[in-house]
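The structure appears right after this line, and notes come after that.
Each chain carries a letter (A, B and C) given by its place in the written order, and its residues are counted from 1.
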């Protein structure tokens, strides 16, 4: 009896082993998107627009291709780790959804190759290049080379609750000209709505890259500097601007209690901050586009009563003082971008490129816009359905900057988050926190790659 | 006097049981109320109008449903069978063969397993499974989990085997039975409660594990339920409470059912008889 | 359970020798071989890899992913860099948290396990079944689901815990913000008590009832009965539980799902710290070094236990 049992177990185990099989002349796409779950619109887009249209196109050329979309259901970190493991052994999907700031680390490890190396110089004949502004080609680039195509980009700003502003007697539209304006408004709101923590600028490691992008960078750029000096090719680790930025955090979260540091520290803090914005406990919030198009979108969980379009407004994030922003601007923004890269180990690189460039054709991009409007990389794909989005893009893209596309960036970004955390928890003074940051960055990139400005 | 003392003791007993019982029961309450609530929050609210809408929404997520009903069952079931069989064989051998230092050996293995099941060993495990050609197969997941679970399984199992009276085996031996025969006909039937404990324990470990599947699996149609919980997160990585609570409840049911079955049929307990 | 047998076998070869060997060496090896194969492939090989890699700067990404270099003891020295290691988020701080976490969890789990097993000693019935089922469920239900129910339980505004404390006029407390380490210890006690409960129940069940009855006749109070008769008899099992729970607790990762190591690293116990170094930063060299250090600590703890067990045995003779 037990022998039979074991035989059944073995048979089961063997059948399972056979389950994985390989298709020929096929292209596979992977993205963090799940039908009915996270990024569901990408699944719809690929399955209902991209694949049928591409199949049709291929059929007209008399070619039969097999297309597969792998819906990845895990976290971004888990996806990144899968990519790294797969590419280290020359495996993986042919087209991979990628966050722009992951690219350099992968390139350095030899896990990614430029588009023209993967699919041949023919890639430069694509019609799309003419519609992609020079500055956005490098969205998935490193060291002057291009590894993939960006779906689009975004900008960052302050969102505010127009309804509550009016109740507090603050004129709408609100146009803060300096940090002091923002703080002053927050003070008025706090007084008018006791118990509220009106202002949130992300801090802390718990929010991850959201702290760096929506928080630290926005503040730092407002002091006129960047994390990285692009001319000298060095990281700025000590600078009065950094201290100014940290002191702003200190004023908001420690000295004046204008913000709730609880949300910066807890694991689900970001979610709580959305709820607080919905419920009116937070009235000014620094966030990116997707806050508008997804978080508070009509019908979503976090849409304030009264409706997004009626009560949520946006204002550019001001520099410390007018003209003090990075590059002499009055207000600041930073942009990121996600997109798709080609797997250098693809068995059908030409077909993969054909599909990738097809995904980024005007027609397909317009289809995506219908599902969820965003700022797309192509200049012939406007944000048709949402005037607010187009206004943001128009106003902020010209002043917006990008993260340093360097392999060390993701780690240094974490150190910057840690620096803000140390200040808002009171563990360190801004001076101590900056010193600890400098030490950590030096350990990561070496003394020769940093600059200190007293 | 003794009556008063007796009554006081009874009261003390029930108070203590109530307190400890609440400690174990209260955190679970939410799991059984939130899924039936149309606008579930983090608070425990008895739904005034219980709804199954959350479950309906969960079942529309085909990825998550397949993960739960098919993949998790295959992987947890496979690792359960394999771990139980391999551990029983090994435990029997360890209990009956003279091998100096074998007890220390088991401890050392447990130490190893704690290092290796940690995240640092992700790369060698991936490379191993890749070279065996088992990436993106259920079998790969089953093997790796089994490897990690074996030391503790052997440890628990060994006591059940060691607790058996030797006389039965001795008589069987005298009657000319071979080792396999003794194992199958005498030993395994007697240690079945132990095998069941191992089985439940192995099953729930795989059922809940989420790091290994992400390392070893690629196709969404092979991902287990633990991985699928992430699909109920929003783009920003925040959970959708209504859906996640419903899915969490569905997710615990098989583990619960298995435990209740084994406990009813065999009794879920460790072996405590000290034999000579 | 294991402890007693361990001890007896340890010194019991002489006793055994005149018994018939129930399994020949060859058959023993046959039965052991599947387990051996698994252990060599899935434990020994990764273990050796981890030890070797801990002396390199191997990463998952970037230049040192392809061509890692031998860096000697650098990873280890960095872990113990006296200037930094006790800062939040560094290894020393994490080790310090882990010691508190382990001590609290082990005390709580063993304590509750003993209380439960004593409460229901020689009792059967529905109440026992319900209680044991509840405690065991806490142990076996999937981690991800449990993390959600506990976030809900601890929530400041809507959580069950504060709601209950509110009836007594206490709180509300911001558990995960103000008492993060205590919170994950409570969570872990809840999660792990089943093992010690099952272990101690089995151990108490193995005591000959006549011992207790004799003591009762002699008029010993319950506490005396426990202290003088029951506990000495189950001491080996108690120690076994202690050491196993200690080893496991050192490697517990589940609080991650509750707090992700925060706020501000105040719940970043070593398993979570290793995860962050290896998984988020992809620094496998340093992650491996941490794993090795933790293993050495575990090894010392286990040896202390094994030795004390052995000495105890000698004295018992």
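We adopt the following convention: a residue touches a chain if its C-beta (ideal position, glycine included) is under 8 Å from a C-beta of that chain, and two chains touch if they have at least 3 such contacts.
What you are looking at is a predicted structure, and each value in this text was computed from that prediction instead of being measured.
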Between B-C and A-C, the pair with more C-beta contacts: B-C
Reference chain B; chain at largest CA-centroid distance: A
CA centroid of chain A to CA centroid of chain B, Å: 38
Between chain A and chain C, centroid-to-centroid distance (C-alpha), Å: 39
Computed distance of Cα centres, chain C from chain B, in Å: 16
Touching two or more other chains - residues of chain C: 60, 151, 279
Two or more partner chains touched - positions in chain A: 81, 85, 268
Multi-partner residues of chain B (each touching 2 or more other chains): 85, 122-123, 183, 239
Parts of chain B lying in touch with chain C, wherever the complex brings them together: 13, 16-17, 20-21, 23-31, 34, 41-44, 85-87, 89-90, 92-94, 96-100, 103-104, 107, 109-125, 128, 143-144, 146-148, 150-151, 154-155, 158-159, 162, 166, 169-170, 173, 179, 182-183, 200-201, 204, 207-208, 210, 225-226, 229, 239, 244-245, 248-249, 251-252, 255-256, 259-260, 263, 268-276
Residue numbers on chain C that touch chain B, as the complex places them: 1-2, 4-6, 8-10, 13, 16, 19-25, 27-32, 34-36, 38-39, 41-47, 49-50, 53, 58, 60, 112, 115-116, 119, 127, 130-138, 140-146, 148-153, 155, 157-161, 163-164, 190, 193, 198-199, 201-206, 237, 244, 247-248, 250-251, 253, 271, 274-275, 278-279, 284, 287-288, 290-292, 294-295, 298-299, 302, 306
Of all residues in chain B, those that touch chain A in their complex: 57, 60-64, 67, 74, 78, 81-82, 85, 122-123, 126-127, 130, 134-139, 142, 183-184, 188, 214-215, 218-220, 222-223, 227-228, 230-240
Chain A residues touching chain B - in the complex, by the definition given at the top: 1-3, 6, 9, 12-13, 16-17, 19-20, 30, 34-39, 70-76, 78, 81-82, 85-86, 89, 91, 93, 210, 268, 270-271, 274, 290, 294-295, 301
Parts of chain A lying in touch with chain C, wherever the complex brings them together: 77, 81, 84-85, 88, 105-106, 108-111, 204-206, 262, 265-268, 407, 411, 414, 418, 421-422, 425, 427, 436, 439
